[in-house]
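We call the chains A, B, C and D, going by the order they appear; numbering starts again at 1 in every chain.
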Amino acid sequence: MSTPVITTPAAEAAVTGRAGVGRRLTSFMPVIALVVLLAALTVADPGFLTLNSLTAAARTSAPLVVLAAGATLVVLCGGIDLSIAALCSLATVFFALWLPDAGGLTTVAVIAATAAIGAVQGVAHVLLRIPSFIVTLGGMSIFSAIALVISDAGPIRVVDRDATHWLTLYVGGVVPMAFVVALLVVVVVSLVLRLTPLESWIRATGYSESAARLAGAPVDVVKIAAFTVSGACAGLAAVMLVSRNFSGSPTMADNLLLPAVAAIVVGGTAITGGHGSLWRSLAGALVVTLLRVGLPIVGVPSAYEQILYGAIIVAAVALTLDRSKVLTIK
Amino acid sequence: MSLRDAGPPVALVVVFGVFAALSPGFRTLSNVQNVLDAAAVLTVVTCGITFVLMMGSIDLSAPGIMGASAIAVALLVANNRNDNDFGLLGVVVAVLLGAGLGCLSGLALVTLKVPSFMTTLGISAVGLGVATLMFAGVQPNVSDRMLEGLAVERFLGLAHLTWIAFACVLVGWLVQRYSRLGRYAFAIGGAEEVLALSGVRVAPYKVAVFTMAGAFYGLAGVMVTSQLGAGLVQAGKGYDFSAIAAAVVGGTLLIGGRGGILHSAVGVLLVTVLTNGLVQIGVSPYWQGGVQGLIVVAAVAAAVIPQRRRNQVTK
Amino acid sequence: MTTNLSRRPEPRVPASAPALEVRGLVKHYPGVKALDGVDLVVRRNEVLGLAGENGAGKSTLLKALVGLVRPDAGEIWVRGEKVRLGSITDAANHGIGMVFQEQSLVPNLTAAENIVLGSEGPGVRHGIYRWNTLRRLAQEQLDKIGSHIDPLARTDSLTFADRQMVEIAKVLRIEERTSHPPVIILDEPTSVLESKEIETLFTQVRRLREFASVVFVSHRLDEVLDVCDRVAVLRGGRSVGEVPAAEAAPAELHRMMIGSTGSDDHYHGAAAERRDEPRRPRLVVRGLSGRSFRDVDLDVHAGEIVGIVGVHGSGREDVCRALFGAEPTTAGDVVLDGEKLDLSGTRAACAAGVGYVPAERKTEGMVGPMSVADNMTLTKQKSRCTGPVVRPGKQAKLVDGWIERLSIRTPDRGTAIQRLSGGNQQKVVLARWLVAGDVRLLLLDHPTRGLDVGARSEVYRLLRELANQGVAMVLLADSLEEAIGMSDRIVVMSDGRATTEVAAPTGDKPTPLDLVKEMV
Amino acid sequence: TEEVGGGGPAAAAGACDPADVTLVGQVRNESNPYEAAWLDGGDTFAEQVGLTQQRLTYDGDSTRQQEQISQLLAGDTECLVMNVLPNGDSDTPPIVEGAEEAGAYLVTQWNKPADLNVTDYDYWLSHITYDGVESGRQIGDALAEAIGGSGGVIALQGVLDTGAAKDRFAGFEESLAANPDVELLDDQTANFSRAEALEVTKTLLTKHGEDIEGIWAANDDMALGALEALQQAGRTDVAVVGIDAVPDALTAIEEGSMTATVSSDGPWQGGIGLAIGYCVATGELAAGDIADEDRAWFAEQFLIDQDNVADFVSPETTESDFACDNLFSRSQGAMS
């Protein structure tokens, strides 16, 4: 069968070339947003752009990056994980309680435990067909309750700091170890996705679950895995928080939920699933961190700070979201 | 009513029955009144959020909008901070402020093409900022008779606020059933692109739905102010998630296109009965949240079991 | 129905200018010239057929006519007047309306609301619905096409064919908008209809001709020639000619479409190649029962194609899905190559070497925003390009090979599948199972829906090749002719039961009439 | 240069030009009257010394508080003075260590783990708090007296994982032990929140009905929420007590609808922390000269009831409160 020529090769190259530049630009948008914000903060307070200050911001962002990275997987699958923050708080309590017995193994144990808890949520979501929003909303209150009960509703001091000391070090004297670890999480998970069929399964699940299932993609397994990794990330973020606060507390990370989800969306990942990446969430988490710590430090009064925060995150998403990849904006 | 809609009401009856059996205090008439009164604010918030969810969008702006309207109304009616005494007009202005903020999130959604998750989160922050500005460090206390009376005076055993909530449900139901706005909101959740193919411009309806939701939150903020006798920036704290949970527990889908006001009303009752019942049967305050979460998950699970399909999509 | 017509004033403008004229229409998409200077004339009171291969630009042209696609160059004239169609409302105001290739109804609204959507007229006053009026308006439209659907039924509770009727009833609403004779565009309206429903549709089309112009697209060329007055042919985004329907034969049209000689008689001709006598049964189904079917027995031998025919509601689709683990079963045994087949889910079915091509391509067959390559390799395969680690080079080669073999028209393998024409999308979906290479049983639910003649015969050829390699196939065909042509054996289902089995060996095929007798 | 106080290594030594001092006050949020008054008190002090105070709020979010502090400490810390309200006990150690490392003068208030000793640090100048057990007991006794020594009461607890909530409730339990005829019918948390207190009280009112004669609340916000619930239920016979002496509570006490509260004088708290830091930073006070019992101490608090409420309606700070030689005058003794 003869195939009519659709376009001349030259025209095709020209057209795809242009599309390529556009595509590349949209995927750099989160970074551009970050740079613009940093510039704006520096203008507002020239003292802000110092090495010390950036190092502190990087260190601060680490738990948020890890939380957002994990939850990004769930969002890519088309779901949402509202339990990350509560699970992270619970994990800080686990850490503080287990450290005296488990010693150096505590970090591993905590991450394994939260991964298992994440998996349980994933299984509940997949098997019982309960929307992830509800499963994890329920999880959120259940984890908080457990944390309150086992901690006797109070913070638990971590006296032995050796177990978390490594996280407080600086690589090359400037880059905080916690941030390096967060970067590693992003790199490793991204690589695993890229090198295996997982990425296309996750995207297919997020874009069109029924098509993915009928194509034989392991939708259920992929979803459970996403929740498991999300749980594990909550555990790792908890270790980072403990290393910074020297204690575990049943409410320690609770307020990180909305910033983490905001980080994902600000990065340009579609909240409806399918489109996005962990890199975007990394950039998003840095933007959110700068907003959280930067605005008050450069002296924006608290009421205006909230108004600015609201306006800027909306503007950031307007900039970063690649609309050609998202069918409808809901 | 089809089988798939029957789950939440059945769950409500079961939960109610269990508490009634366990606690004599729960099954008194006055406690039932108390449950209904306690449900009033959440009902109004949920009325607003239901339309947004029906479109398949999400709305997290309730805390900010409620905070702004709570402070606004407290400063507009007779209060201890200024000489205003606008009475009902003040209430109207506060509701309009809510509608205006809601309109902003709708506009950001349709013009900037930013997902509602983010626009409403942003507007919530803006609302809290506006509220904090108006608050200016001194608690505005309400001395307006009318506004205070709404929470205190009763008709047929229920506070006036509760009747306002009933009225909101009725209005919401009429809008959902008989107005183009309501039907189109429903249709947008079902198949937005089809509306465009039919020559319908969906953007104005989306903005209108967010505006209407904002008005409901504004009213809810006023109601909280009436209950507390003072304008609080945190008047709406936590209402975003509880309203969504209530709507979803009632059978509204987060992907849109299903559910409605009556579903949500059942959901609100379910959540409120749970809160009240757990206190009544003396569950430790530490455990209450957890038990509540567990029951919500169980209720939704029970509700979806009869409609489970092999290839069903659950987001 | 005549009462409806007499209700209208007769707006017969002097027949000087054509109802619609297109001059030199051009539309580029990244990497594709979808329209490359198309000229087209639609006369008054005629049914104009539009033929062309998948991706020839038919849908794009039609979308430009209803204001959904903004052409890069070219002119559109309506009744002798040059117009700019900026939106679908513009087009409707000029009397142009369209039924889309992919169904476009709001599933959670009632049929009545869908019919009047966007032009509720007196059905909505000041934003308030008047349900009785609305229902009356919708009923009027349904009456026009003689449909007995309950206007207040939720659309998602209707069958596919009923929904198609609702769409036609909906597009006829533009009659109320303009005093001029409307132009009604039907983009592949028959691809999902049964023959009885197609007849009903054609009656409507002929009725429409009385007062309107109709543009009709279909890949079934006999159909096109049957209902149209004139057929225009598109190839590669250009008009390559037109013929009066009365004088043309399908083969001639096909030749114009592909620019060389070809045959429409593809299934019979090629079926003669089949030789193997079926050996042992590969698939044995005994007493399979589910929601909409009971006690279904079915044997499919390796290398055999078994067609299942039945009217809507016969349950054949659900049987198909059940065999793929996508529909729950209540009883029954399914054995594949001597091993019990696990029906608990699609994964298990895939692992056992079962493949499935769903009928609803848009929602179930493909993942719209993902690339052709990703869609093709989504299934987990023991084979070639994806194991624990993706090998991009191998994947690219494999995918490109299949793009070539199936003549899938796409700029490259990285293009999002949603940008392809309907037919090309279907080819990608089919290719998914061919890529897998280890499929033992293929369940094909309308695998050629929306494919052009050439693509279809290509698919037939492929299916036969696979059969010769020993793959067992269950086929829910697009038409009875296709079922007869392709199958070795045909099972008739009615009311959830497999009632009859008809042998259909090459050279001794039953006639459609034989089957219809069994189906009712 | 001024002489270096104390014998500690590189002990906090002040050599700052008064104009170079940066004053930072950090509380949860400005939408709470008590904390807004705190920051205003800080402003008043800053004005006195011709400076301005940087107002920071963290919205009751522990993580955010830490983030702000570490960002702040990443800047210029040479003459930085911080007067901080840690969100919870567990938030104090990282703040303290951060300040110590960066060499910023720090005063904390309210929350500190019991086993964290101020004297182990050089730049953590002082920790000020109020004896929660004492205040919980005081209002408990006032409540018992108001209901005539016997009857049923309910308790509204604060955020469960704060020391303040726990101490106050412990004090209340002491009071209950001393008043055996007062029966605790129920205790629930309302998270220091007015709105939550309203709901919880409503529910408890229907649960226990007329048995409730008094309500003990761990802060005034919750007491005011309870008052509102009582009003809505048409109950005027219930005694309500709280802690904090926020303006609304004082008004309620004046009107007689509330029984008692305990004052902690927010404006003074906002000023005193900055004042201690300022005095050390500028060298007017040597850190080593601060007596051990002034490193962690209970500040004076007052039980306010209808008899003395008039004295507290408009709390004012005077310049002399913050004079470098008068900083610890309100001490009620070292924390045990």
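Basically, a contact is a pair of C-beta atoms (placed from the backbone, for glycine too) under 8 Å apart; a residue touches a chain by one contact, two chains touch by 3 or more.
If you want to know which protein each chain is, UniProt gives these names: A, B = ABC transporter permease; C = Sugar ABC transporter ATP-binding protein.
Because the structure is a prediction, the values reported are computed rather than measured.
*Asks:* Going by the stated contact rule, which chains contact subunit B (ABC transporter permease) and subunit C alike?
*Replies:* Chains in contact with subunit B (ABC transporter permease) as well as subunit C: A.
*Asks:* My parser should flag the chain pair with the most contacts; which pair should that be?
*Replies:* Summing C-beta contacts for every pairing gives the maximum at A-B.
*Asks:* If you average the Cα atoms of subunit A (ABC transporter permease) and of subunit C to get two centres, how far apart are those centres in Å?
*Replies:* 42
*Asks:* Provide the C-alpha centroid distance between subunit A (ABC transporter permease) and subunit D, rounded to the nearest whole angstrom.
*Replies:* Here subunit A (ABC transporter permease) and subunit D have centroids separated by 36 Å.
*Asks:* Can you check how far apart subunit C and subunit D are, centre to centre, with Cα atoms defining each centre and the answer in Å?
*Replies:* 73
*Asks:* Of all residues in subunit B (ABC transporter permease), which are in touch with two or more distinct other chains?
*Replies:* Within subunit B (ABC transporter permease), residues 132, 193, 286, 311 contact more than one other chain.
*Asks:* If you look at subunit C, which of its residues touch at least two other chains?
*Replies:* Each of 326, 345-346, 364 in subunit C touches at least two other chains.
*Asks:* Spell out, as numbers or ranges, the residues of subunit A (ABC transporter permease) touching 2 or more other chains.
*Replies:* Answer for subunit A (ABC transporter permease), listing residues that touch two or more other chains: 148, 153, 210, 213-214, 302-303, 327.
*Asks:* Just say which it is for the chain contacts: an open line, a closed ring, a star, complete, or other.
*Replies:* Topology of touching chains reads as other, fitting no named class.
*Asks:* Following the definition at the start, I'd like every touching pair of chains, please.
*Replies:* In this structure, the chains touch in these pairs: A-B, A-C, A-D, B-C, B-D.
*Asks:* Using the touch definition up top, name the residues of subunit D that touch subunit A (ABC transporter permease) in the complex.
*Replies:* Residues 29-30, 54-57, 59-64, 66-68, 70-76, 88-91, 93-94, 97, 113, 115, 159-161, 163, 166 of subunit D touch subunit A (ABC transporter permease) in their complex.
*Asks:* In the complex, go through subunit C and note every residue touching subunit B (ABC transporter permease).
*Replies:* The touching residues are 68, 87-89, 92, 100, 104-109, 113, 117-120, 124, 127-129, 131, 170, 321, 325-328, 345-346, 364.
*Asks:* Inside the complex, what are the residues of subunit C that reach subunit A (ABC transporter permease)?
*Replies:* Its residues touching subunit A (ABC transporter permease) are 28, 30-33, 55, 235-236, 258-260, 262, 324, 326, 345-347, 349-350, 355-356, 358, 363-370, 374-375, 377-380, 386, 388-390, 407, 409, 411-412, 432, 454, 458.
*Asks:* Which bits of subunit A (ABC transporter permease) are touching subunit C when the two form their complex?
*Replies:* For this pair, the touching residues of subunit A (ABC transporter permease) are 1-7, 11-12, 15-16, 18-19, 194-197, 200-201, 203-204, 207-208, 210-218, 220-221, 274-275, 325, 327.
*Asks:* Mind listing the subunit B (ABC transporter permease) positions that touch subunit C in their complex?
*Replies:* 177-181, 183, 186-187, 189-191, 193-200, 257-258, 309-311
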